[in-house]
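Letters A, B, C, D, E, F, G and H mark the chains in the order given here, with residues in each chain numbered from 1 onward.
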Amino acid sequence: DFAKIDNHREIRTGYPEVIFGQGKTPEQLREIISFMISKESNILATRVDPEVSGYVSDLSPDIQYHKLARCLTIRKKPAEKTAESIAVVTAGTGDLPVAEEACVTAEIFDNRVERFFDVGVAGVHRLYDNLDDIRKCRVVVVVAGMEGALPSLVGGLVDKPVIAVPTSIGYGANFSGLSALLGMLTSCAAGVSVVNIDNGFGAGYLAGMINKL
Amino acid sequence: DFAKIDNHREIRTGYPEVIFGQGKTPEQLREIISFMISKESNILATRVDPEVSGYVSDLSPDIQYHKLARCLTIRKKPAEKTAESIAVVTAGTGDLPVAEEACVTAEIFDNRVERFFDVGVAGVHRLYDNLDDIRKCRVVVVVAGMEGALPSLVGGLVDKPVIAVPTSIGYGANFSGLSALLGMLTSCAAGVSVVNIDNGFGAGYLAGMINKL
Amino acid sequence: DFAKIDNHREIRTGYPEVIFGQGKTPEQLREIISFMISKESNILATRVDPEVSGYVSDLSPDIQYHKLARCLTIRKKPAEKTAESIAVVTAGTGDLPVAEEACVTAEIFDNRVERFFDVGVAGVHRLYDNLDDIRKCRVVVVVAGMEGALPSLVGGLVDKPVIAVPTSIGYGANFSGLSALLGMLTSCAAGVSVVNIDNGFGAGYLAGMINKL
Amino acid sequence: DFAKIDNHREIRTGYPEVIFGQGKTPEQLREIISFMISKESNILATRVDPEVSGYVSDLSPDIQYHKLARCLTIRKKPAEKTAESIAVVTAGTGDLPVAEEACVTAEIFDNRVERFFDVGVAGVHRLYDNLDDIRKCRVVVVVAGMEGALPSLVGGLVDKPVIAVPTSIGYGANFSGLSALLGMLTSCAAGVSVVNIDNGFGAGYLAGMINKL
Amino acid sequence: DFAKIDNHREIRTGYPEVIFGQGKTPEQLREIISFMISKESNILATRVDPEVSGYVSDLSPDIQYHKLARCLTIRKKPAEKTAESIAVVTAGTGDLPVAEEACVTAEIFDNRVERFFDVGVAGVHRLYDNLDDIRKCRVVVVVAGMEGALPSLVGGLVDKPVIAVPTSIGYGANFSGLSALLGMLTSCAAGVSVVNIDNGFGAGYLAGMINKL
Amino acid sequence: DFAKIDNHREIRTGYPEVIFGQGKTPEQLREIISFMISKESNILATRVDPEVSGYVSDLSPDIQYHKLARCLTIRKKPAEKTAESIAVVTAGTGDLPVAEEACVTAEIFDNRVERFFDVGVAGVHRLYDNLDDIRKCRVVVVVAGMEGALPSLVGGLVDKPVIAVPTSIGYGANFSGLSALLGMLTSCAAGVSVVNIDNGFGAGYLAGMINKL
Amino acid sequence: DFAKIDNHREIRTGYPEVIFGQGKTPEQLREIISFMISKESNILATRVDPEVSGYVSDLSPDIQYHKLARCLTIRKKPAEKTAESIAVVTAGTGDLPVAEEACVTAEIFDNRVERFFDVGVAGVHRLYDNLDDIRKCRVVVVVAGMEGALPSLVGGLVDKPVIAVPTSIGYGANFSGLSALLGMLTSCAAGVSVVNIDNGFGAGYLAGMINKL
Amino acid sequence: DFAKIDNHREIRTGYPEVIFGQGKTPEQLREIISFMISKESNILATRVDPEVSGYVSDLSPDIQYHKLARCLTIRKKPAEKTAESIAVVTAGTGDLPVAEEACVTAEIFDNRVERFFDVGVAGVHRLYDNLDDIRKCRVVVVVAGMEGALPSLVGGLVDKPVIAVPTSIGYGANFSGLSALLGMLTSCAAGVSVVNIDNGFGAGYLAGMINKL
């Protein structure tokens, strides 16, 4: 009654609805998951706190909680991984939760994912060490906070679509992710587009969509 | 001497360098185009004012100036259009120049482009009339100013990647494109990513990259 | 002494003063309600936390606490509902508290209210399913966070005044409701006006005023 | 071709489409007006510069150009003025063009309009002198720049819906209308809603809609 | 050692240094007060939390803690009140702590203060009831949050210097006091100047300085 | 008709109305001045461009145009200068027009004014050279752009009210006067209050009011 | 695995990698320090909470926790202090933690540091008392919050590079350090550059780099 | 009289005063230069438009106008170039004027300067080609617009102080240099500090100061 779950979504867009956990009470979340479990689609809920995850863990033996990503998944269909991969690249350690949200999202939609973490521009040789492997992927997600310079660099070195995710990691003139957001939007490298600050889900979802074209 | 033209770019990223005309003197532009004309790649210069275009028009019989898009192109290789299309959708009349920049960019990189103009949310039946055709395209560019609501709507109706382009068209609380930019970044529809305000080029380039995957 | 209660307000504007609970101590609230209870008007207090509501619940047997709306009402005059209704429409689940504040406000002023919840633009068919019923109402309140696109859409489909309420629900480029606020202010649809972020009260009050014209 | 004129709008919303002149070339405007002249509705074009108005003046003997409002109207149906009036109130001299845009808009939709100009809070007795007449109107439009305090004051004195229009008139911390906009949105008086900065059209249109309920 | 107390300040500016309690540890505060108690000036410490006040209360029998104002004073010289008064005016109940900070500050510097609380523009008759008394004062401090309209109104009605204090009271488009701040800075009434958001101390200090000229 | 000139203002506040020239047409200005010339008060019009000043210069032999201040004055009553002075201090050369607006305003209201120009903090010895003379004045106006540090320094050295005027002079992170405005509002020196960016008039008027207390 | 520690950094830039503690779990921090302890470089970790420092204190007998600076250091090479000093200057007491972060950083890299604390512009004689000693240093770090005026003043008095550090100390129009940041960036004194808000580490590191040239 | 030229500056700080041409009339500039020409120091005036430069060119046969840098210099003492160099690095063609302002400033103060232009991150091999030469310099100025990523990259590769200069070159989310400014301030590379947007002068001056330590 408080929510109109979008069941036709899978028919309309090819993807089942995803549950955005933030701001939902444990009861609301439990009710929505219970309802969706009766359907055939895989289930993904993002922004789920550990305690809330405990509160719903009995709903299915297949529930999996991804601690770092703060996501909850239930796989109902056997996985058929894509042949090609999505690269998920991060600048620093603090960007991990957002990057993992992207990874978990892409994986529940059956994408193969390769992680390249902590390769930011302040020590750029770490990126170069991984460049050949990144170039083999079909689409690249780049997660970075502070000055958000990494997507520009990757965009200038790789001939694949780059999805940039600014994170709110940082302090001072970072202004809750604004510095990274503006930096990524004004990137001088072509082939880069941007999703909302900390929106790992959006990046993983879009990357999966592109990967399956 | 004032510019290091990036000739290896095509080898490195699969795409030739594009000339960003804004802020360059006519002399600088002429010099850069002259140099690039001696190579084999197609040439694209964006943000070129009509007068400047006149100043370089004698450089090649194949120079074409796209007035609305404010772009200049020289086709050196025969066009081999892609089988699938990019949809370019606009909300209102004022978004046309940005949309055309996206179209010209995508076309010079050999993409087939379909235009769906002036179908904004204030009269949403105009979008519905075109929905079947939009759904047939492989990737969708949505250009909108003011509240920038159109990409959310399209993203919820189409199962293809949506590249949203906020425009600076409007007045008041639009704050030079900020309202559309923030609206698009916070879009509730998944599968949407955003490029810089008025960056038709970036959208067209990325759409082409995705279309050719 | 700390407050000059505006008793002539009902005479001057036709509406009794409403108590804004936020920032008031439980003692202040108790004192104000005690004073107003001795008058004949219905009483509405907004932004009242559950604990505070407990602290004043003994003041009258007729006190009612609306948990979701965080409002407290005392009805002193028998309800005479208006013949026509106010539609209250929300985009997502997170917008409910603000929407309920609008509903409770409109209802204590004797307006008939119809709720249309969770019909946001990302799954727009949910709005279409309810359109006929919304069109029958005399005025429409639309509550939405993030990109705040719903009022534009409703405004283009319905020939009634639309009062848009941006909510602070969201994260990242939402910037505490700024994205929804700017989006609604720059709406391309005519007939839309905006109240403060999260101001369900203001919307419900104004809707009631218009409904009774 | 560059515009999909929304002819069903009048059927759908009860109001004909209005032409937003800003950003349109004289040729585009001429073409749109020519097309609309063949229909039966009254015509309103806003944000039309004097020169542009000259360029289309031969299209009909009934074209009227409102210099201060920068609007162009063609009345095709005989006026049937409403019984009740809309009050249009301004704070200062500089707010006149925006106020007149509201007046012309309301009038072309057959509303009776009463003007109360230059009654801002710095000399508040001027407002009091007109209060009785303002109170007789059915809805009040208040146009103000700088600190935008007038709508709060009017909202506290009048029991009618107040539509507040911030203007970009001013300098310094006015920041192109931001100070008035924020002031109006946070107004302590209930019954006040806000449209975009300088959006006289939006206020006049909404006021007319409410006036005719 | 962590602080260079400005003892010559009284000689240099006629006023003893005031202690800004915010961000100081209880130990630091205790040390500073101990030191200053050995001098002859009256002592004022602002932004002192109740617990901290308990931690220093034994330092002198004359310590007084002003709960609402969150100030701590020690009077060492007998009070010689000024002949003329400072008016301290507030818009709403939430502005009280800031107003009291101004009052306590002015009073410790021997000014006579008159309080006019909760007379905001939404019910403007409350201001008019007090206007004669306000006009008798030598300088007026006006404290207001949200739209911050009260100083403009007072400035237009009273021929005395008005010191406006924006407060961070509010929500939404108030943006932590920004709406009131911008409103006051752009006030159309002459004779108004502004201090920092929530800076009751600054207003009380300056009012005292003017009152004693 | 377009303006309700506030004639009772002098009775109500002790000061005649001042004409704000910005945004007024030459015709409007001429009409207002013609009307006011028939009264007995001195006349001050601010923000008057040189050309406009020429257009009204025949209205009275006593009209004086102050080029740097962009003000126009007509003195109708013999000057009776105050015994005490207002100090007007500027940081740099670019602040002169704003400072002169303050001076002309204060002088037309019969205040004695002393100018201390170009004594900014980057070469602070220039301030010290003038400190004794500044200290003799009754109130100090400090005009500064960029970082706006001068009022803090003066406020710490002088025991008189300081009225700070931020100017929009500068570039980059100055953001049209925002840097100076914020700096002055957060000044660590007590006794400082702030008027709008570039508002020399407001500072001169308030300084005069204080000077005459 | 969650972090690629940049071991070649010392070879590449002459400085070992520094650990940024904020946002790292105690376990992550412990793992990183353990790893680095096996190398020869001195170790510096910034933004380490007291509890976290306890959790790693057993890793080495040489671990030192700097409470005010919230830094943790392990000295592995004997100190060889530079001949010349870095001056670290603060405006107020609240700036101490940031200043100490700068000091500890500079010292672990073997710089001699001299502290000049609480010498802000509101009582400028305190700066003058220390000017001769500051002038003897090779580079000056100036830490200040609120209006951030101190670097301008120092820059105008001292012929050495000034590194300005804005702090987030303050309230109201300080907007989390924005006022100080903008003030320092627009400083009228030449020879001043700025690091991020609260970035004591960055200032100490850069000062050390310059000191050793 | 309008300017107090700071003649003791050279004694006090070791550097003569520099003339900031922006906002000065040609007459003012001529007067200042005439005065300074009578002294022994070299003269530098920045932000001088070509026309203004013509107006003063007769003042000395040694006047030199630097067109791209918009600077005017008069060398009065024979140049004694420093042994070591300052590297001035730019990201793109549009950053040239700001970079040249830095170069001309550094050179008039007798520094040896090496230019590395158009080596931005979108084609990062261009930076690598020049890295050995940059590393040989004593201090590095990096000028970049849009996302401002270049200083981070350089800071991670070079063990010298980096002075970052954000430029206002760009459009959209660049917001007049804000994106580059925030990016540089939040740079993850240590050893980087920032001057005002477009402040080539400040960077050149500071670089010279460091180079001569």
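Criterion: contacts are C-beta pairs under 8 Å (C-beta built on N, C-alpha and C of every residue); 3 or more make two chains touch, one makes a residue touch a chain.
Treat the numbers as computed from the prediction; the structure is a model and nothing was measured.
Ranked by how far their CA centres sit from the centre of subunit H, the chains are topped by C. The interface with the greater count of contacting C-beta pairs, when D-F is set against C-D, is C-D. Averaging C-alpha coordinates per chain places the centre of subunit A 50 Å away from that of subunit E.
As a whole-number value, the distance joining the C-alpha centres of subunit A and subunit C reads 35 Å. Per-chain CA centroids place subunit B at a distance of 45 Å from subunit G.
For subunit H, the set of residues that touch two or more other chains comprises 12, 122-123, 156-157, 172-175, 181, 185-187, 190, 196-197. This structure has the following touching chain pairs: A-B, A-C, A-G, A-H, B-C, B-D, B-H, C-D, C-E, D-E, D-F, E-F, E-G, F-G, F-H, G-H. Across the complex, subunit F meets subunit D through its residues 1-4, 6, 8-9, 12, 17, 22-24, 28, 166, 168, 176-177, 181, 196-199.
Residue ranges of subunit A in contact with subunit G, taken from their complex: 93-94, 96, 117-119, 122-123, 125-126, 169, 171-175.
The touching residues of subunit E, counted against subunit F in their complex, run 12-15, 18, 138-139, 156-161, 163, 181, 185-187, 190-197, 201-203, 205-206, 209-210, 213.
By the touch rule above, subunit G contacts subunit F in their complex via residues 91-92, 120-124, 146-149, 152-153, 155-157, 170, 172-175, 178-190.
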